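Right after this note come the structures.
The same chain A turns up in both complexes below, where it pairs with chain B and then with chain C.
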Partner chain A sequence: MSTRCAAALNAALAEALERWDETLLLGEDLADPYGGAFRITRGLSTRFPDRVLSSPISEAALFGVSAGLALRGRRPVLEIMFGDFITLGLDQVINHIAKFREMYDEQVRVPLVVRTPMGGRRGYGPTHSQCLEKLLVGIPGLTVVAGSEYHDLHRLLLAAIASDDPVFFIENKLLYSRFQQRGRDGRLGPFLWEEGDSTYPTVQLRAADRCSVSVVTWGGMAHLARQAAEQLAIEHETMIEVLILSRLAPVDLTPLLASVRRTGALVVAEEGTLTGGVGAEIVARVQHEAFSSLRGPARRVAARDAVIPAARHLEDAVLPQVEDITDACLAAAAGTEH
Partner chain B sequence: MPRLYVERDDANSESATLVAWLVPDGQTVAPHQPVAVVETSKATVDLLAPASGVLRHGVQEGAEIDFGATLGWVLAPGESLPTAKEAGRATADDAPAPVEDLQPTRAAARLLEQAGIDPAAIGSHGFITERDVRAYLDRQRARTAPLRALEGIDLEGLSLPDGLTDADRGRLDPSFVSRLRADGEGFRHLPSEEKIAAYREQGAAIADGVQLGPGSLLIAPRLIIGRNSRIGPETFADCAEQLAIGSLSHFGPRLELRARRAVFGDNIHAGRGITIGGGGHRDPWAVFVAGDLTFFGDEVFINVCRPVLIGREVFLTMRSIVVTHNIGHSPLEGFENRFAPVVVEDRAQVGMGCTLYAGVRLGREAIVGSNSYVLTSVPAGKLALGVPARVVTEARRTISPARQREVARTLVAELAEWLEARGERVERRADGAGFRVEREGAAYEVLYAETRDGLPQADPASEKVFVLLEGCEDPPPEGLLLELIPRRARGEATTFGHSVREYFRKRGIRFEPGPWRYTGGWI
Partner chain C sequence: MDWRERVAAEGSRGDRTGHFEREFYRGIYLIRRLEETLLELFAAGRLSGTTHTCLGQEANAVAVAFHLTDADVVVSNHRCHGHYLARTGDLEGLLAEIRGLERGLCSGKGGSQHLCAPNFYTNGIQGGIVPLATGMALAEKQRGSGAIVTVFIGDGTLGQGVVYESFNIAALWAAPLLVVVEANGWAQSTPTPRAMAGSMRQRLEAFGLPCGMVEGTDALEIHRAAGAAVGQVRETGRPAGLIIRTQRLGPHSKGDDSRSPEELETLRERDPLPRLAASLDPEQRRAIEAECERRLAAALTATEGPL
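Our next item is the complex of A and B:
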């Protein structure tokens, strides 16, 4: 029986609650029968009534309470119903949670996980559809994880909860109903599949032994990148490697650099807006490390710098689509200027 | 038949959960009767029967159901459950859509369809590209090409080497082949290991222990050489498609080989100054094949513009000539103008200085006497002689069991004499069942008997070779066993054992299993 991503996350939370008494789940509407807006905590308040707590609607209070619990040795897992609402707690994240360990000379740790769904394509409009990971990447002391259906989400979330330092765990909301896509014997469907053995591994899907473009992506874009890889292979016989990161900060680009050295071309695909995106950072680092391997300029696929409309056709026009990835790959494969 | 499904009722969910069936499987329901409870992220709703009939459950309680997917049916009288395929969406509620491991690209799919090929013939995983399909078709063509060239030739009586149908291995980078053709001078003077390393790097399938003599150059788009084969100095081979040589084959100096395809089996022995090729070697039919254990004497000349097929254990001795076409005047003026294959079946022997003319076939175990000119085929088992060659008698005599026993004993006795003549201290057994040799403090024995039961007691300290006239079921636990009539070798052979085997080989008794080559020792 295959596992949907929502079930994998639910099982990870249950395991954390079972294994570590200090684990607490906090968030809006977590308790049964609702089990959270996306049903990720379903059943858990029934099994662990003292440790799965629905909170009032105040993200600022949630961040503050969670930080305090973490400082006092608990292991809170906070659910922010929509990633767009993290802004209400970011002062505490940036100026306190991320800094306590160093400011207090390692006398305290903040083992806090903030789980939050991000991403659009559901018609939720400007304030319930954003990918805001770029606000979090680059805050020293903060680990940012953004898994996909290609990662073992159970293992990934459990690792985040086990960490003694604050972790943002971003869940693209389209993941929830998707099935986990795990390779076996080095294969996933028609792709060559490889997963690093680190805690937050990069998954590689390669359409062939020799590919002409490396696409790096994460979260909800992994699904689109895989579709792009299939289309490029089937329609154009352009073979690409898709590298799916699971940790954006601190980011380990070793597998990506190896891939770029093989293919000579780089495309970064993210769902967040283009300007100041995480992709810009990745491009900068890759060109520094592997400039001579690149046949042409790295290309970026991202959302237009616009507010996300609620109307689906307009939302589609703002968010990056499969064709944006295929176009970028075809241009990168040809090695031409824009 | 009316089916049950969940409509999307909110924007937050992609699926619903079947909380409970309210009506058991197989019960009759009325229209609008609540039959199930489903839960989405926003609400729990009752699912109503769309019509009257018998309710059939499609999924279990607790299952996730995509919106629109079937979770059950209401059957009217006389209706039956849909087949598994029709019910696919209902049963697949908790499994992802299967992903094909093997996906032809659009261009590849078009080619596959045109050629009527199943993608599974090409691979088991991954994307199949147009190039993959073309390479596959090329391989198929290459595989059948020699056979097409051999069309119309009766292959009965011929044990041809596997290399003939091996169409995949040893493909060299075409630009490397072109470079060798354009200028192989520098390359051919490299040491053997460097040449072999370069061939391998460019894609050739060359096994371990292969030697390629000084000044030797092999040019072929596909090059395959089996283990421990040796190609002598100043060899030049240029094949338009393939050159394959089996294991433990040996070619003397100055081989000149030109053909479209040349395929040699295992344990070939070819002397010096052999020429294979001549006119028409680029013809589509220029296929040269030689089976295992075949012997080519010095200065053999073989013209290949039509297939030359030589079977297993054939002897083509010194200065023999094989031609597949003649040269002359116009056939419209009544002159003969002949292009035809030459076939030499297994175990046939061609004496020194013979000519086999285009179209000739030598049957199995046929023999052609020296200096004969063979214009017509020789049937299996016959001895032919003369210019032109005519059948004169049988190629071999019938031999009585008594005579076989006498020959075998003589062979063993002669082996003892041979060793003695070479200065070994030989001690013959009083019972006539072999002999013993001592050398540098070690003892060696050759023990002979007609059958297994007749074998004498061996010295436990000696290194032993058992020679039996007949085959046996239970070989002695140690030493080498040589069975003369079945021509079979079993057990561990040491240098002494190999030397005895070589003695018998020189007398025409070639033991199985092969390939085997004597590497020196006592004889």
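Our next item is the complex of A and C:
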């Protein structure tokens, strides 16, 4: 039976509330019948009325209140209605939540999960469409997870809630209505499928045994990368490996490095803006570790450094599309200097 | 043995005359001498980094700590040495932390304004600790521990928006939180009237936090007001405030005091310490002072590490 991603997340929250009395959900408009702006907490305030709290519109305080709860033995899961609003809480994240464990010399832990939807392609415009994970990945002490439909989202979110350290759990908005895509017996559709056995695994989709490009991506871009892989195979006879990360920080590039050593070419595809993006960090690390394996320069696919417009045709011109990935892969496969 | 225990012990021996005042004095005097010593160490180049001393404000810390139980939580700010000492009496751990030693509270990672000990937390971001304290109070309530959380802030910190978001949430969700505003009239170099519109008290009351107020600088008056405020939070299980009009007698940090000598002179007249001292038997007072000096000297010797 196939499960939609929204249902998988909802089930994970329900399971956490059932299993751990100290679990709490906080956020704006979480309570039933509304159940959250994207309906991910639907039904939960009815089942757990004391532990699912609809809050005032106070993101900065909510981060801090959640951290205070976590420091004193609760296990809060904070929903920030749109990822764009994390900016209101970044002082709490950078100067409090991510610091405490180390700054207080291991006397405390902060078992806090912040769930938030990010991403565009819904026409929500400049302040409700961004992918801001690059603001989070450089914060020591913070784990940043961005699942996709290719990951077991139920397991991923439950692992984040079970963690004794703060985890940002980014959910691309377009995931919610999609079905979970899980491989079986080493295959998923036309792809060879492989998933690491770590808590936050990297999923690999390989178009063939021998591929000429490694594409690394995460979150909402995984869907586009898979489409690109299908197009490249059918229309260009170019086979690629798609590596879908689930943890962006601290990032484990072991599977990617192995892939680059096989293919000799790297493309990083992210939905956030190009400059200072997560992709820049990945490229820097891969070239350091596997420079001699690369036939040509690594290539990056990302949003233009621009505001995300509301009108759909304008938004499409800013956000990275499938063609951007196929173009980058063809150039990378050729090993040309562009 | 912290000073609350001393009061209890001495009281139980039947010699109650002035014992409370003596122990209060001991608490204030020890903090005063530590803070003065820190400034001397800085001046002598024997400490690095920064520090914010609570010279003149010590009675607030001692008064509030007296009414708290060990299970209660204290959350404090950059000016936290007094709060910590009044709460724990742990002179050596504090000094070791400020001196950057492995045996400091946080092994030297936190330093002067980032302290942590059981049921005690401080951080150096103005206002950021108030939502934390609110969350902690909610956690204590959920766990049914009966503990309350006291958060200390300065009047300048009332400029931060997150403070009011926290007052609102604390009131809405009935957090057993006591907000103590140590209103010393200054924030670094800015006098409060240049930074605060309207009424300080109404800022708390607007969110439904009943707010006590201490205008005078009599240590026992501060003690009584703190008792009332702590009692209110404990009995109602809801947040309350206490504004203490106080005076910072030292620089904001190490050598940065932009106030005139005349103003400082006026402030010194409000210092609770000499008044409390005058109310004590001179011999007993000297004995207390000598004991504090011994403790301080011992802590200094014990923490004489590489600087």
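Following the convention adopted for this analysis, the second predicted complex is superposed on the first by the 338 of 338 C-alpha atoms of A that agree within 3 Å, B and C clash if a C-alpha of one lies under 4 Å from a C-alpha of the other, contacts with A are read in each partner's own complex, and residues count from 1 in each chain.
Methods note: contacts are C-beta pairs under 8 Å (C-beta built on N, C-alpha and C of every residue); 3 or more make two chains touch, one makes a residue touch a chain.
If you're wondering where the values come from, they're calculated on a predicted model, not measured in any experiment.
Superposition of the two structures on chain A leaves chain B and chain C fitting side by side, clash-free.
Legend: residue contacts after superposition of the two complexes on their common chain; A:Arg47 is shown touching neither chain B nor chain C.
Of the two partner chains placed by the overlay, only chain C lies in contact with A:Ser55; chain B stays clear of it. By the document's definition of touching, neither partner reaches A:Arg19: not chain B, not chain C. In the superposed model, A:Ser66 lies in contact with chain C only, and not with chain B. After overlaying the two complexes on the shared chain, residue contacts for A:Arg304 are found with neither chain B nor chain C. In the superposed model, A:Phe38 makes contact with chain B only, not with chain C. Between chain B and chain C, the shortest distance over C-alpha atoms in the superposed arrangement works out to 26 Å.
On chain A, the surface touched by chain B in one complex and the surface touched by chain C in the other have no residue in common. Those residues of chain A that touch chain C in the shared complex are 24, 53, 55-56, 58, 60-74, 76, 91-92, 95-96, 100, 102-105, 107-108. Residues of chain B touching chain A in their complex: 11-15, 41, 44, 64, 66, 94-96, 99-107, 125-127, 129-131. Interface residues of chain A, counted against chain B in their complex, comprise 1-2, 4, 33-34, 37-39, 122-124, 176-177, 179, 181, 187-192, 207-208, 230, 233-235, 237, 239. Residue ranges of chain C in contact with chain A, taken from their complex: 73, 105-107, 109-110, 114, 116-117, 121, 123-125, 128-140, 142-143, 161-162, 165-166, 168-169, 172-173.
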